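Just so it is clear, A, B, C, D, E and F label the chains in written order, and each chain counts residues from 1 on its own.
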Amino acid sequence: MATVPIVSDERASARVRGIFDDIRETRGTDYINDFWRALANHPDELERLWAQLKTTMAPGALDPLTKELLYVAVSIANACAYCVHSHTAAARAKGMTDAQHGELLEVVAMAQRTNALVTALGVPVDAVFDRAPDGG
Amino acid sequence: MATVPIVSDERASARVRGIFDDIRETRGTDYINDFWRALANHPDELERLWAQLKTTMAPGALDPLTKELLYVAVSIANACAYCVHSHTAAARAKGMTDAQHGELLEVVAMAQRTNALVTALGVPVDAVFDRAPDGG
Amino acid sequence: MATVPIVSDERASARVRGIFDDIRETRGTDYINDFWRALANHPDELERLWAQLKTTMAPGALDPLTKELLYVAVSIANACAYCVHSHTAAARAKGMTDAQHGELLEVVAMAQRTNALVTALGVPVDAVFDRAPDGG
Amino acid sequence: MATVPIVSDERASARVRGIFDDIRETRGTDYINDFWRALANHPDELERLWAQLKTTMAPGALDPLTKELLYVAVSIANACAYCVHSHTAAARAKGMTDAQHGELLEVVAMAQRTNALVTALGVPVDAVFDRAPDGG
Amino acid sequence: MATVPIVSDERASARVRGIFDDIRETRGTDYINDFWRALANHPDELERLWAQLKTTMAPGALDPLTKELLYVAVSIANACAYCVHSHTAAARAKGMTDAQHGELLEVVAMAQRTNALVTALGVPVDAVFDRAPDGG
Amino acid sequence: MATVPIVSDERASARVRGIFDDIRETRGTDYINDFWRALANHPDELERLWAQLKTTMAPGALDPLTKELLYVAVSIANACAYCVHSHTAAARAKGMTDAQHGELLEVVAMAQRTNALVTALGVPVDAVFDRAPDGG
């Protein structure tokens, strides 16, 4: 199932094949997952997104594993099954242990629980949390 | 605004005051934010939630700052304004730098973007991401 | 704040005033909350929605309080602050006790928590839950 | 899979068959998709929803294709896989080109990204955006 | 598909088997659905969650069927397919009739509709809905 | 309120001021809304996002008003109050009439309603909607 054709290596244009090659080299695996093959129907978006993703997920003030855990957390909150599967696999490839996975699930489940309670109680934001007291 | 009264120290029962004292001691601050004061209308839930939250956010396989960043990420995805404010403040109290905050925003924004694209393309999960090939 | 003007009784057309009157009579209160006054900018949608809402929330196989609790639950899950406030007030007007409110919050918070875990684990639906084994 | 039986033409009541016939005629196709066959377990809701949907999606101040694109956008944001598939197909049937589909994805992905950033930054609404300065 | 292995009775530890036995006894069925078998990879979370769920869903100020309907409503709003299937089945096991199911769907669909309209109109919460006029 | 300071023209760096100037020129207004002033705490993200947004929202296969309507629709589905306000204002600036606004609300509300019903019924995607029958 998909709303667009899945682009195989054979059907890919030279431009798309070049991006696929960069995905393979960057990730150190020959496997291109179907998200990229579907996005390849829109080469501009494919190129832009992959370039940005490489920058976003590179080591910086946060390490790559922490970034990947954040990605999984957002994907869970968004109920995106594909995203949960692909980024959980990516987190494992970057060293996530079973214990870390367990704690990730626990933090996300706790956040879902308190997010709901906060909304249910309708409490306005405490003034002490404001970082823009003058101009905001 | 709130769907329940905000429980001040004066109006709190002895049981609730005891939990408030534990929140103060655990966090090293005299300030009790209004979420807890609102939840205090339901002392059982207050007690259970605070006890669980202390366990969930304690150092483990993931460090406390990483857990707090995950909390912020989920709160953003859930569009919970109060939660974003309170957990961003908590992350700063645990050492989050401005650069780390910037990268957190960037990863969350990227995850929102690709989550939407994945859903739009309707791609099924690649078999290679499955960890339960036999029984699941 | 609003993306449209709030329609006061004075500025309301005869058609809108008629719907406002019906809201007042049905609810047994003179107060028209601002959602209806904002929706009054689009009289067709106002008329259709109010007519449907009266039918939907009327006593049936489910009693009116249960229906209102369901409304609050969905509003919490959708992070709709206005909706949580207005339907929590409506539930109280229909007899919701503080104890029932507390249990509502607990069930919703639990559902948020297990919904997230289910998504995180990526488990497919068990065959025993299927009600359309032949044709679906 | 489904939480209710899928109603085939054979099992449909005369009332349901009449609605199915109207769906076929309105859409110019013999195919009734499974959403309607599942909803047919609740004939009142089926009748009401189909009547309303015909009105909502008819040409008006917005053309039918624009309406269908909006439908796809909301379905993506709601992570409703079935809805994304069925309304993307409907948009194509109404003339959506591949280029338009690509731009739709780009706008939705951008909206997801900035929605998250806005929530993360916690900025209150600028006064200039208010259309109800007096009464709201 | 799953992001973790599904734990069969044979592979379960004595601790996990003990929890499985309690699930069987509490529910009066031999069947353990795959959510619990997946969660069994994290025995601490399994134990904590099951213990809490039993308490949350027990008869109280709200009856068990009402609680289950609330669970289904939240699961629909969260677009959690597995949760919708498992809790719809649970609601039926607790006595939900087809007519009640139909009204549940109608209320949830109505709440989704008005939640969206409220957000679109951007109306602030009416002062009369506030329960914390002094301290909140 | 905000989780970061709001950057005034006076406090903006030369780089940020340059981007503010481009926003002013592109939009034909002197007003910079607070989202951009908050994002200015992270100049890299500000620069990247603004550059991308200009491209995304430019005339293409879809006209600028249609794109803005899609933006509003996603913002409603995400319950992002700020986004709804700012993009509804932007849509008006691009020519959205009151009648178009009304139909936009109606389509979004209808999509929310049927999205929920689809999820509640748990219907799998019809095979006829698949565009990747071979490779997906």
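In this text, a residue touches a chain if its C-beta (ideal position, glycine included) is under 8 Å from a C-beta of that chain, and two chains touch if they have at least 3 such contacts.
Since the structure is predicted, the reported quantities are computational estimates derived from the model, not experimental observations.
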- Message: Just to be sure I understand the contacts, which chains border both chain F and chain C?
- Response: A, B, D, E
- Item | Pair sharing more residue contacts (C-beta pairs) when B-C is set against D-F | D-F
- Same or different: do the copies chain D and chain E touch each other through matching residue numbers, with over half of them shared? different
- Item | Length of the line joining the C-alpha centres of chain C and chain D, rounded to whole Å | 20
- Taking each chain's centre as the mean position of its Cα atoms, how many Å separate chain A from chain D? 26
- Message: Two-or-more-chain contact residues of chain F, please, as numbers and ranges.
- Response: 1-4, 6, 34, 38, 45, 52, 76-81, 84-85, 88-89, 102, 104-106, 108-110, 112-115, 117, 119-125, 129-130, 132, 136
- Please name which positions on chain F make contact with chain B in the complex. 1, 3-4, 41-42, 44-45, 78-80, 125, 132, 136
- Would you tell me which residues of chain B are touching chain F in their complex? 79, 84-85, 88-89, 98, 101-102, 105-106, 109, 122-124
- Message: Under the definition above, what is the set of chain C residues touching chain D in their complex?
- Response: 1-8, 34, 37-38, 48, 52, 125, 129-132, 134-136
- chain B-facing residues of chain D, complex: 72, 76-77, 79, 81, 84-85, 88, 104-105, 108-110, 112-117, 119-122
- Item | Of all residues in chain F, those that touch chain D in their complex | 1-4, 6, 31, 33-35, 38-39, 45, 49, 52-53, 56-57, 60-62, 66-67, 69-71, 73-78, 80-83, 85-86, 88-89, 97, 99-100, 102-104, 106-108, 110-115, 117-126, 128-130
